[in-house]
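Have a look at the structure below, then the notes.
Naming follows writing order (A, B and C), and every chain is counted from residue 1.
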Amino acid sequence: MSAIKPLVSVEHLSLAFTGNRKAQALTDVSFHLHAGEVLGLLGESGSGKSVTLRTLLRLHSERTTQISGLITVDGLDVLALNSRALQAYRGATTSMIFQEPGLAFDPVYTIGQQIVEVILAHEAVNHSVARHRALEMLDRVQIPQARRRFDAYPHELSGGMRQRAMIALALACKPKLLLADEPTTALDATVQIQILLLLRELQKETGMAVIFVTHDIGAAVEIADRIAVMYGGRIAEENAVAGIVQHPSHPYTAGLLGATVDSSHRGKPLISIPGSPPNLANLPPGCPFAPRCTSASDQCRTECPSVVESPAHADLASPPRLACWHPIR
Amino acid sequence: MSSRARISGRSYWFVVFHQLKHEPVALFSALLLLLIFLAAIFAPWLAPSDPYATSMIHRLQPIGSPDHLLGTDELGRDMLSRLMFGGRLSLLMGVAPVFMAFVIGTSIGLFAGYVGGKINMIIMRMLDVFYAFPSVLLAVAISGALGPGMMNSLFALTLVFIPQLVRVAESVTTQVRKLDYIEAARMSGARSFSIIRVHVLGNVLGPVFVYATGLLSVSMILGSGLSFLGLGVKPPEPEWGLMLNTLRSAIFKEPLIAALPGAMIFVTSIAFNLLADGVRSAMDIKR
Amino acid sequence: MTPIILQVRNLKKYFPVRANLFSREQKFVHAVDDISFNVTKGRTLGIVGESGCGKSTTARLIANLMPADSGAIIFNGEGVGEIGGLELKSFRKKLQMVFQDSFASLNPRLTISETISYGPMVHDTSKEDAHLQAHDLLAKVGLDPDLFASRYPHELSGGQRQRVNIARALAFNPEVVILDEAVAALDKSVQAQVLNLLQDLKAEFELTYLFISHDLHVVHYISDDVMVMYLGQIVEMGPVEQVYSEAAHPYTRALLSAIPSMDPAHRTQKSPITGDPPNPIHPPSGCRFHDRCEHARAICASLVPALMPVQSSHVVACHMNHPSSGYETSGSDVQYASAGATR
């Protein structure tokens, strides 16, 4: 397994916003992802999870961002693509679904027209083939009466249906990598679980790789194979889902799990992380979590730990990785 | 988000002023306007000669003449002095109607926006009638009906601007009124007047103020336009619009001189606009 | 028996909508449709439901932020806003509300201390006293008054702003506080801090909470009683442990089993219900849940079920709850597993 080249590899990615609001959004982020794997990027607001995702599609304005590092997706050097190659890359190799599907669709065209348009833009097929494919996609995302919904405008669909239509749009050109930016956050609980199950099913069926960004540990557990926990623009810990949930090594991961309310907490005070998330315009010199960490030492406050692979599991394709001077044993 | 080190509170306008310091274009415009205003206000002391003194011998002297730095007009009056004195009326035409309309328009808009419902609809539809006419046409029509004269043109311009400012104030008020902090204030059991004074007014004034700043240049141009048409200031009073009109005949002989009042109108209104732009972005204090 | 502090009787609110310019038929969103419940002093009533179920409208109706079409709010035995009842201004002091959006609920032009002291000043507290009280309250909600009193909302983080909103509500010395999705917009780590704070304040000030949320975990954690709403109606209500362990309404069960599992070895395999919640403009006839319910029978489409007791204070509105229906309400298939046990 480890001999196969990963589908996605991100190496030492750093990103700073240089516009009106200066911020060091990402610092030295590295991870890789094999074909058919699902990686959950877990973090709170300002952790850099969404920025990472958008950088993979180069969605940030180049004038106001400063990027360094290397992103390779399916053999392509993403940061070096010219605008024509970038267009082909977006949608065909990699596509994205968003938190608010209302913003991803153009309100003046029907759902069907927009899916057909995407297919025609990326593949040399005629209109009727594209139309047939679009209908098939709507069927596959389990939209009832797909033929009727094909001619519906985005505002005529309910939130859950719009999200399904967006998944159909994203998967229309059979991408190898799907980027999901909190696609279930804005949905009701009973709809959220339907969408999670659908994504899981489609992922198994197509064998695509998925990067699933979320702040909800429960959603990540439902869909991901591995979870990378982000904090202050860095990766704090990365491990298989079971490892993260059952044996968190980073104090932040442990704190996050402790702060996640569930039935076992009733009647007891919650274990909470003191303080607030870091200010990306003014990051502390050491570990970004040090000011809120109960086991922080002087070393943590001055020197930032780098992400290291666990030597005990070096034989695995994706060994657990951790950035902490004082991990929880 | 601010750094934790900053402890003391600072007033809203202090923050705006602080941010305005980072807008070089707006600062330059402000400086330019200050110079123009000072020149106009202190014209009686600063002007090199009498703006009314005609001289048939020295008609249409070119720019840079020994006694007349900016030349003379078609009646031999010193251009520099006339431009300085003319600024007094032109700037008054720019500022006074907008200020009056700001006070009246904001009051009506606040009331309509906060009350909402049918009363709001009646007020706004009535103002829409005025809104339907282009402002130039409306100003000319009102001025024409009232007869020429400076007071009448000030009044006409005020009437032209009121509907626009009401509309801005009303729409901002309607937005603010729906925000949770107004609901929270209502939860306190406070009277409407207190809520408007403490919670609505401060948040509406900003956007309306910015819009009004943008109107200053429009008002000045319209005022000059009225004078140009003979509906505003009467000769021989110096006023930029009127000067532009009377110098028309000299446009082939001394085009530079003829263009001077126009240039003043242009520079001043551009400066007003750029300043308004700067104030707008400086007032944009977000999370 | 602890006294009932707040009674809601037959509350109803329809919002008119105009379908299109030319249609003469007036349509309504059935936001809150004839609901009645009691809130016991010193307890926390959690209200859960999906978007459009009317939970936030219920909060606004109780808080008198909008007029109800019909129904009554009775506070401590006195009808609110009725002749001979409790005056609205005094009611305002006794019932306060904290909103979801911590930023929109603070006036950006007022300092923190001005915001907190505004309310008491409306009720004739002197400016000096109100500011002193604001300082005390800031300390109570865990914000250093010397550091925060003269700051502006945009200089605070989301969690800090929500603490300010709580302090503002407490400035009235209220008896009931409505928390409308008050922790929903906060990061998980900060959410836990605020939930702890709410629990501490409840004990210290002897408060009664109405806790509105879509997050079933949070409602379970903080509530004593829970009320489940669906399309403007109450479908189930009772003590929280009983409702969560022995959910009697199919909708409550669906909600509970829709919670992600937190155990990678036992992921959710099947979605409990399909489809989205229906449009509240045309709620289904009979039981409003019948078109998504796998147990629905003919009677469900024709007859509106009434709230009937399952046990003493646990009530449910479902025809299948009737013993003769043959439908079991043991709740054994509810997969609401505690994640703590799996860790």
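The rule is simple: a residue touches a chain if its C-beta (ideal position, glycine included) is under 8 Å from a C-beta of that chain, and two chains touch if they have at least 3 such contacts.
In this text, all values refer to a predicted model and were calculated from it rather than measured experimentally.
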*Inter-chain pair with the most contacting C-beta pairs*: A-C
*Which chain's mean C-alpha position is the greatest distance from chain A's?*
B
*asked:* Taking the mean of the CA coordinates per chain, how far is chain A from chain B in Å?
replied: 51
_Centroid spacing, where centroids are CA-atom means, of chain A and chain C in whole angstrom_ = 32
*asked:* Quick check on chain B: which residues sit in contact with 2+ other chains?
replied: 1
*Can you list the chain A residues in contact with two or more other chains?*
none
*Pull out every residue in chain C that's touching 2 or more other chains.*
157
*In their shared complex, at which residues does chain C touch chain B?*
63, 65, 88-89, 92-93, 96-97, 99-101, 103-111, 118-119, 122-123, 146-147, 149-152, 154-155, 157, 165, 168, 172
*chain C residues touching chain A - in the complex, by the definition given at the top*: 50-51, 157-160, 187-193, 195-196, 199, 214-218, 220-221, 241, 244, 254-255, 258-265, 267-268, 270-277, 279, 336, 338-343
*chain A residues within the chain C interface of the complex*: 44-45, 144, 158-161, 188-194, 196-197, 215-219, 221-222, 240-242, 245-246, 255-266, 269-274, 276-277, 292
*How about chain B: which of its residues touch chain C in the complex?*
1-2, 6-9, 12, 179-181, 183-190, 194, 198-199, 202-203, 285-287
